[in-house]
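Which chain is which? They are A, B, C, D, E, F, G and H, in the order written, and residues in each are numbered from 1.
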Amino acid sequence: MRLTVYLAGEIHSSWREEVKQKAAMLKLPIDFVGPMEDHDRSDNIGEEILGKQPDAIFKDAAASSFNNLRTEILLKKADVVIALFGDKYKQWNTAMDASAAVASGKPLILIRSEANHHALKELSRKASATVESVDQAVNALYYIFE
Amino acid sequence: MRLTVYLAGEIHSSWREEVKQKAAMLKLPIDFVGPMEDHDRSDNIGEEILGKQPDAIFKDAAASSFNNLRTEILLKKADVVIALFGDKYKQWNTAMDASAAVASGKPLILIRSEANHHALKELSRKASATVESVDQAVNALYYIFE
Amino acid sequence: MRLTVYLAGEIHSSWREEVKQKAAMLKLPIDFVGPMEDHDRSDNIGEEILGKQPDAIFKDAAASSFNNLRTEILLKKADVVIALFGDKYKQWNTAMDASAAVASGKPLILIRSEANHHALKELSRKASATVESVDQAVNALYYIFE
Amino acid sequence: MRLTVYLAGEIHSSWREEVKQKAAMLKLPIDFVGPMEDHDRSDNIGEEILGKQPDAIFKDAAASSFNNLRTEILLKKADVVIALFGDKYKQWNTAMDASAAVASGKPLILIRSEANHHALKELSRKASATVESVDQAVNALYYIFE
Amino acid sequence: MRLTVYLAGEIHSSWREEVKQKAAMLKLPIDFVGPMEDHDRSDNIGEEILGKQPDAIFKDAAASSFNNLRTEILLKKADVVIALFGDKYKQWNTAMDASAAVASGKPLILIRSEANHHALKELSRKASATVESVDQAVNALYYIFE
Amino acid sequence: MRLTVYLAGEIHSSWREEVKQKAAMLKLPIDFVGPMEDHDRSDNIGEEILGKQPDAIFKDAAASSFNNLRTEILLKKADVVIALFGDKYKQWNTAMDASAAVASGKPLILIRSEANHHALKELSRKASATVESVDQAVNALYYIFE
Amino acid sequence: MRLTVYLAGEIHSSWREEVKQKAAMLKLPIDFVGPMEDHDRSDNIGEEILGKQPDAIFKDAAASSFNNLRTEILLKKADVVIALFGDKYKQWNTAMDASAAVASGKPLILIRSEANHHALKELSRKASATVESVDQAVNALYYIFE
Amino acid sequence: MRLTVYLAGEIHSSWREEVKQKAAMLKLPIDFVGPMEDHDRSDNIGEEILGKQPDAIFKDAAASSFNNLRTEILLKKADVVIALFGDKYKQWNTAMDASAAVASGKPLILIRSEANHHALKELSRKASATVESVDQAVNALYYIFE
């Protein structure tokens, strides 16, 4: 049995690499997918495919359509979603992906530091499990295969 | 034909009253529902029902269960969801409710100022319609009944 | 038992009035809903709500979001969809609404003249019933209540 | 991860070959499926399987049942649908397949020239992404695998 | 609480009247719906709406589309389906309606005489309850409201 | 807005009356439904409708079909399920109804004493909210309408 | 692309072998599944697994549970269902399987001789395609892979 | 065709080994999955991943989230669920998993001794098949592949 895990969350740190390395060390049969991690590529993908847009709002509208296309397809392939909330940025896409996972019946593992526990209390209650670190999330994945 | 509209978003300003008044002036046959708007009540509901909890995290866990219960039931009754993002706070519950609406096939009207257009570009593309003010959202509701 | 019937199709003739009058004469307990029939209002609704857009394409994008919002809500309320194809115009919205009805399990009554039978043969096979005139469609509605 | 992509749209030009060649050059792990591209075979399949029919309408009814059978099965296998609208023909099957994709939760990439932007504005807003050329559609597919 | 009950089964005896009278005597708050009970009307409805068809098979095809339209709408409104199998006729529509009820999650009460118990054993196991007479079926309805 | 609440759980104490009285005192617009509370009637309903059965197992099989019929219909009507676990009996029907509610997307309020917290920990985590007394459950219902 | 095809229908002739041989000659990548074809095994499976039952009705009830278990699992694996109606027997299981296929969104190919066209007219209209012989059904399968 | 079978039920005896050995002897192409069978690991997994919790209830809450995560994923992968009820323990998780299987459309094989037939009569009626021993359950699996 292989699982596909979607890694939702900020793309400014290397937490996805950490998850993948730890899962690899534990030999977990998991394929990881996730959003475009190259921030500029993600912001510019609309103009890169469609050409120059009238202004910043329309540039964003164009980019968002390709980012959503990517996310919808990969999220649908996932058996589990891990969503990590960090201490910076608005992270509304993370909240959006996490909630979409729950609403479409996919188990969600939420990673959030204690600093965010209050603001995320409702999402945490909807998650299958809430942890505080990448290590704990990987241990949760490990438990599935035991 | 009556519609039920869920008003997701921050509970620190009186924007819900504004929506309701304008809808009333236009005689729109709409029942509005939404989250608990009394902020303290929302934060304390866990302890108010279950009694004192061990610490702040468990107090939040308890509160979130009753807030989720409320939201799930009312969101399920809604024909449309309006989600307003303001300039302050993390507003992850707003993102969560908006995304849950989309994922369960309910039309979403997103209200966000230009300041937030970049951070909300993916959610905006998933919304049925995105506007910048309460007035515009009410006009969108009006258009449904024309 | 009352039914809600969505009338999809071109908005350049008065066929919806004809349906409604005939249903009224037969005293059928039906509420009819449908797309915005004022063609200019439908084309301009984006700019009317959001203000002037950069160009014709973006004006259309804005208008379409409010038209889709309206259609999604009303289509979801419908028990049956009647889709009329005339001899003029591309009528892609009619095809889109008819197909959305079928794909979401709503019975479809297709009205099309013999001139269109070839181009609509696949949609006709998916419809619950295909007729050639408004009269026949109303008779089909009548049969449900007999 | 392999994806299956259904190519909806007119069968009078070789645009599907173009998509396949470009995807092959980019080594995208994609299986392409689509409607019967031999126009005569598609029109005659009813009589070829069932024998001579009473008249042209019944010949079409027979053909459409086998075309729908084929499309239903292949569309259900697809992870993404690309729908191309050209400048000729009614293309109601293209609109029907595109709308069925959206209504059953499958991401849609719409290809349409600027000439059709007005008539397709509502469908475009429902698509995950809208582009103007085959090249742009293939780039959108490429972005999913990046 | 009112329930809607669809009465599937043969239209050659007056068993539906018996159900309705007994339910009325027990004052059960039930709305009964069902197929067209006028056998000729049901067989001829295609030609009555669409006009003369080429032959008997096409006459049947036309009739079936309006019968299916009616059944789909009424079955979807039903909270429970009662299917009665008699000793005569093929009764494939009864089997079809009963199985459609089960497959779409609607509780089924099956009425069949002992003579048919063997041929209906698989359907009986899928029914919520199987009884042998109209009286017993009405008692089952009564039990719901106790 | 009225809600329908299904009261799952043992039928040997008067806890349902307590819920109803407290809800009535708070003027909550709620319709309560639930399983047959007359224990003998529930056990004998199979033989009462179908007549004497061969042995105890078949008597039970007959009874269960009518109990399931009743529960399926009433559970489907419910917006929320309250499941109370007491200290006696196996209460597998309570667990079954509670789990069916969760699996079909209905919010669940679980009432269980501390004595049962360990054995019910997994169900509790799936419930929207878990409380320890009837009073607390009614307060949770009250919070929905605030 | 491989397909799984469920062959519903009578088990007294060798029509399934005919389908399989013709599909093999055409090298169609299809896995065929279907009901237990050994008639005695199917009738006795309840007692073979559970032991002697009180009487013929209970023997049938026991058998049907294992036959349903088998059918549910295999039908769920199928991409397409072919249902053949012959001239003998009640064939209610065939009608039940065919209707379950349609109700759960699986394309249905109906095989029936002209003798049965009238009694099967409603099911025929719900099928994706109706043919008169095994040869025609295999040709329909072939068309999917062209 | 391979099947995945989830083995729900108590983890204090070696019945799962018995099922697996018998299935292996019959060369059934089945992958078996199930809950964590190491009882201490299952009870302590919350603290093992998240660290020491405030008290026994919170320890249980933490453990249950990881147990549910595991069960949800594995249950979703399953084609069939076998639930065994023994003579000891409350076995509410068994009832919960069995009911979740039924409610989400997965066939259920129930194993229970005669001692439990009364308390499980409603669940038994919802199961696809009910047997009294592991041997009989394996024979039921065997019948699927015949």
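Going forward, a residue touches a chain if its C-beta (ideal position, glycine included) is under 8 Å from a C-beta of that chain, and two chains touch if they have at least 3 such contacts.
Treat the numbers as computed from the prediction; the structure is a model and nothing was measured.
S.K.: Comparing A-C against A-B, which pair counts more contacting C-beta pairs?
M.R.: Result of the comparison of A-B and A-C: A-B.
S.K.: Over half of the contact pairs shared by residue number: find the pair among C-E, A-H or A-B that meets that against F-H.
M.R.: Repeat interface, by the over-half criterion: A-B.
S.K.: Would you kindly tell me how far, in whole Å, the mean C-alpha position of chain F lies from that of chain E?
M.R.: 31
S.K.: Could you grab the centroid distance between chain C and chain D? Build each centroid from C-alpha atoms only and quote it in angstrom.
M.R.: Distance between chain centres, rounded to whole Å: 23 Å.
S.K.: I need the residues of chain B touching at least two other chains; which ones are they?
M.R.: Answer for chain B, listing residues that touch two or more other chains: 61, 65, 68.
S.K.: Which chain pairs here would you call touching?
M.R.: By the stated definition, chains touch in these pairs: A-B, A-C, A-D, A-H, B-C, B-F, B-H, C-D, C-E, D-E, D-G, E-F, E-G, F-G, F-H, G-H.
S.K.: Spell out the residues on chain A that touch chain C in their complex, using ranges where they run on.
M.R.: 54-55, 58, 61
S.K.: Give every residue of chain B touching chain C within the complex, in rising order.
M.R.: For this pair, the touching residues of chain B are 1, 3, 79-80, 107, 109, 127-132, 136, 139-140, 143-144, 146.
S.K.: Going by the contact rule set out above, which residues of chain B touch chain F in the complex?
M.R.: That would be residues 4, 31, 33, 36, 38, 41, 45, 48-50, 65-66, 68-70, 72-74, 76-77 of chain B.
S.K.: Which chain A residues qualify as touching chain B in the complex?
M.R.: 56-57, 60-61, 63-65, 67-68, 71, 85, 89-93, 95-100, 102-104, 114, 116-126
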